[in-house]
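You will see two complexes here that share subunit A, one where it goes with subunit B and one where it goes with subunit C.
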Partner chain A sequence: MSVNYLIKKIMSYFFILLFAVWCLFPIYWLLSTSLKTNLQTNSKPPVFIFKPILDNYKLIIQDFDIWHIFFNSLIIASGTTFFSLFFGVPAAYALAKFKFKGNTDFSFWILTTRMAPPIAMLIPFYVMYNKLGILDTHIGLILAHISLNLSLVVWIMRGFFEDLPKDIEESSYIDGASYFSTFYRISLPISRNGIVAVGILCFLFSWNEFLMALILTDDSAKTVPVGISKFVGFQLIKWAELAASAIFMIMPIFIFLVFFQKQLIKGLTMGAIK
Partner chain B sequence: MKFVNKKNIFIILMLLPSTFLLLGLTIFPFVVGLILGFTDFSLIRPQNGMRGVGFENYIEIFTTEEFWISFKTTLIFTFFAVTIQLILGTLMAVLLHHNSKTAPIMRALYLLPLAVTPVAATFSFRMMFNPSLGVFNFFLESSGFAPLAWLSKPDLALISLIIVDIWQWTPFIMLIVAGGLASLPNEPFESAKVDGAGDIQIFFHHTLPLLKPYLALAVIFRIIDAFKTFDIIYVLTGGGPGISTRTLNLMAYRYGMEYLELGYAASFAIIMLLIIILFSQIFLRKTNIYSTKVARL
Partner chain C sequence: MKSISENLIIKLKIKDIIKKFDETAVLKDVNLEVNEKDFIVILGPSGCGKTTLLRIIAGLENQNSGEVFIENNNVSKVPPQDRNISMVFQNYGLYPHLTVKQNLEYPLKINKIKNRDQIIKKWATKVKIEELLARYPRQLSGGQRQRVALGRSLVRNPKLFLMDEPLSNLDASLRLEMRSEIKHLHEELGTTIIYVTHDQIEAMTLATRIVLMNKGIIEQVGTPKELYSAPKNIFVGSFIGSPPMNFIPGKIKNGTFNSDQIQSFNVSINTEADVILGIRPDDLHIGDNNSYDFKAELYASEFLGEGYLITFNLGNSKLLLKSQKNIEFKTKERIPILIDKNKFLLFDYNSKKRIY
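Presenting the complex of A and B:
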């Protein structure tokens, strides 16, 4: 081991740790603020060592509005995930496995639907929803979120299906299975990891999406990000309570990430690109 | 081969549902938006209905200085945010790739920013950027620097926004590059090492070219998303101070949802759409990432 090698190792550890601190600090700060008293959050210099309290959480879980927002997000994100997968996965399979005229154009068209700045869709959506009477409803926002996530599902799953070994399917055809039963019985089960990963991504994007939710919902279908932003606007002084509600409302995503982290990385890195 | 055979029917059945859905959810609204853009439809004077005004909205947009200022702000934000994310994300992916001991735990930590609801993360940053109580100024002052008015000076406000965006999205690039690194073949690297090439040389001559498709994909997704960033800006600066951090997206939102000039905002959105499609077409053709292999059956 040369000195050179040692220096390189130390440098690399240094950067790796530094980046970890950078990634964690804002989350830590939000969490620690949520465990302070309002007085401590407004002190100068900032308080680093303090006795954590749960009062802010006790306060917010009694707040009906927060549960309302929470369940809205749960319904909308689950609905979006289910329908995006239901419609997107078959399309991705057809695009990955069959060469036909216009295949790449079709794929590109699907990608362009994601490029569109949401505002370009939202103004017409707003006008149409207004006419249809589905402004501020779950189904209205689910539809809008599908328009964002379908392309993601198709693109990632297309890459994933392309990477599946061809011989499994070919032997299924030789056994006389139809295209559909091969897709359903062979290709889908072995792509489980990819589908779970894409599903989690859909859930995450829908849970975190802000602009559509801001415009298309008002009160009865208001989601987590809109809720947080409204709190920020109205009660900027009560940092501790606000931080507690923010932490509370991003919890589900964190739990997801902890449980499915391996699958998420595996699913993504296997099929994201090719 | 006839067109109507089992294979084609299968392909059509698989593609049809999502095609219909996307037509309904994107093309139809697009057409409605296109039509709206040629009217002066406004919710402030709904009794007037939709009156065709031809290209008036478009002419007005292109001749207002505000549009060009917002366009410039959007470009600066997108360029710096994505460039720094690309460099930092690639660097971290490479470092982790050569540091297999810490990689699993660190990769898990690095992913966290991606999961935090941007509005919540931005709220945390807003506390930290606070001029008198914020922790950033505390760090600056305790290391002997002057405190900064993060969000109330135009240039600094834009930099603050870029910092938040970098925090949130660098992990995304890292994730994709890490996937790319894991799938690279070993041989070129071994033979380069035998030839006595240094690490940095190997990186630029062998690793980087092989990573190109992965980088291109990560960058195009990031450019598209950065261009239409909304939540971070809305919560952190609201486009201010003045209009210094007001991107095109925010400007369209203000005209559409606050001044309720839906016709004007619709034409604004069409312009944004054209800019991004034009740009990404050029980018995709130049980098050639969608000439993907399609398995023949």
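Presenting the complex of A and C:
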């Protein structure tokens, strides 16, 4: 081990540390803000040493009814994820494996659905939802989120399925399995890393989505991002409550990622099989 | 050579198969009949269409025209699932998320075959993987994976076994071992195997009959011996045999073979034609200064274990000779060489077909 090598090692760790601080500081800031009084949050220069309080959490749980919007978000994000995968994964498989006329055109058309800015679709959505009577319902927002998520699912999974070794599926055909059976018993299980990764992306998107949720829901289907935006008032911003609610909002995602970190990294970087 | 008796069933018949990828024809009117218990090796250089032909037999590829019959049933339009065949792939094609046992069980499960544990045990023992049943494919070595793939192809008792270069990913010693095992299985079970390879030694050792392909056509079908000693044309002569056959261009006139490089000698053929003389390295011998057919410049001598492979310069081309004894000559020396007059072949210069 030369000195050169040591310096290299130290430098690389230094930059990794720097990057970690850069990533984690906002979360630290959020957490510390949620434990401050509203007065402390506005002090200049900011206070770093203070006596943490849980009043903000009490407040958002008791008065603000955070659980209501939390479960709304959970239902909507889960529903969006489930249905996006349910429809998107088989579609991606079909587009990847079966070469039919207009295959590439169709795939590209699916991609273009993502190109329009969501705000351009918002008014048509509102008008339609109003007529259908699904404004401010879970199913309404789930549908809207699926429409934005499906292209993502189809495109990522299509690439994933295209990379699956051909002879594995061909073995299955030769062994007597139908195309559907092969999809269900072979292709799907060996793609699970990709499916988990895409699922997490879907969930994240739906969980964080603000614009559609703001316009298409009112009270009974209101999601967390819309809910906590209420802390941004006309005259003042209640930073402490905002931060406490935001901690609530990132918590499930955090837990999710801790559990599925491995699959997410594998799914997004490695492809199906070494 | 084993003669093929009348009562053997024709297992597979391929009729006028044409296959094009875009505008390029990769199979040009291929016809073939395979009898029961045949071990057919489809041999040829890469890109000759041999794998495509196998995939058409399997139903994984659709032919542009022509028909495929398995046991007299026209399966030209039948999907691979319903052809009741099995196939071993070059990259094994094992299911990575299933254990070895589940891999073997898969075809049985799909086809709703009962007594699965018993069948698996029987075949696992036969291909020597009974110790590995609980493992996943990623925990196996190349040779073990190959055994699993072989086992999986055997469990279902299919009508035809297809193998697509099954040994090409194995190292040399393992390849030798698996080769003899495949041969043994074939003889023990009396299965019908169609085996694709580009390795002519594999073909020679395994096949009951070799189908030699080149550029989308079948050049010759025959026993290894027939292909070796009676090649239909120059391609077959040059492809079969290692080290390869030597070719010397010349002319036949008045019953003698004449060439710039070697002395004329009599041949029992009466046409007058431009020809190419083909002679295997084993059929050339070192002569002495009193009796020789030609002299050639020594280029290199390599020790092979059982003998020596000696390379000469003759005109602009190289000539190979296999000899029991080494010649301790200096390079560039001209060595007298004899041709075994019972062993040479003659090919027509223009048509490349064998005429003698």
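Some notes on this structure:
The definition used in the following text is that the second predicted complex is superposed on the first by the 249 of 274 C-alpha atoms of A that agree within 3 Å, B and C clash if a C-alpha of one lies under 4 Å from a C-alpha of the other, contacts with A are read in each partner's own complex, and residues count from 1 in each chain.
In this section, a contact is a pair of C-beta atoms (placed from the backbone, for glycine too) under 8 Å apart; a residue touches a chain by one contact, two chains touch by 3 or more.
The structure presented is a predicted model; accordingly, all values stated were derived computationally and were not measured.
In the superposition on chain A, contact is made by A:Ile123 with subunit B only, not with subunit C.
Residue contacts after overlaying the shared chain place A:Ser178 against subunit B and subunit C alike. When the two complexes are overlaid on their common chain A, residue A:Ala246 makes contact with subunit B while staying clear of subunit C. In the superposed pair of complexes, A:Ile168 makes contact with subunit C only, with no contact to subunit B.
By the touch criterion defined above, A:Trp22 lies against subunit B but remains apart from subunit C after alignment on the C-alpha atoms of chain A. More residues of subunit A lie in contact with B than with the other chain of the pair subunit B and subunit C.
In the superposition on chain A, A:Ile190 makes contact with subunit C only, not with subunit B.
In the superposed model, A:Thr81 makes contact with neither subunit B nor subunit C. Overlap of the subunit B and subunit C interfaces on subunit A: residues 170, 173, 178, 273-274. Looking at the complex, you find that subunit C touches subunit A at residues 58-60, 79-82, 84-87, 89-97, 106-107, 110-111, 138, 152, 156.
Those residues of subunit B whose C-beta lies close enough to touch subunit A in the complex are 6-8, 10-11, 13-15, 17-19, 21-22, 25-26, 28-30, 32-33, 36, 41, 88, 91-92, 95-96, 98-99, 102, 106-121, 123-128, 132-135, 138, 142, 167, 171, 175-176, 178-180, 182-183, 199, 213-214, 217, 224, 227-228, 230-231, 234-235, 248-249, 252-253, 256-257, 262, 265-266, 268-270, 272-273, 276-277, 280, 284, 289-297. Residue ranges on subunit A touching subunit B, taken from their complex, read 8, 12-13, 15-16, 19-20, 22-24, 26-27, 29-30, 33, 41-46, 87-88, 90-91, 93-100, 103-104, 106-108, 110-128, 143-144, 146-147, 150-151, 154, 159, 162, 166, 169-170, 173, 178-180, 183, 204, 207-208, 210-211, 214-215, 224-225, 228-229, 232, 239, 242-243, 246-247, 249-250, 253-254, 256-257, 261, 264-265, 268-270, 272-274.
Interface of subunit A with subunit C (complex): residues 165, 167-168, 170-178, 181, 185-186, 189-190, 273-274.
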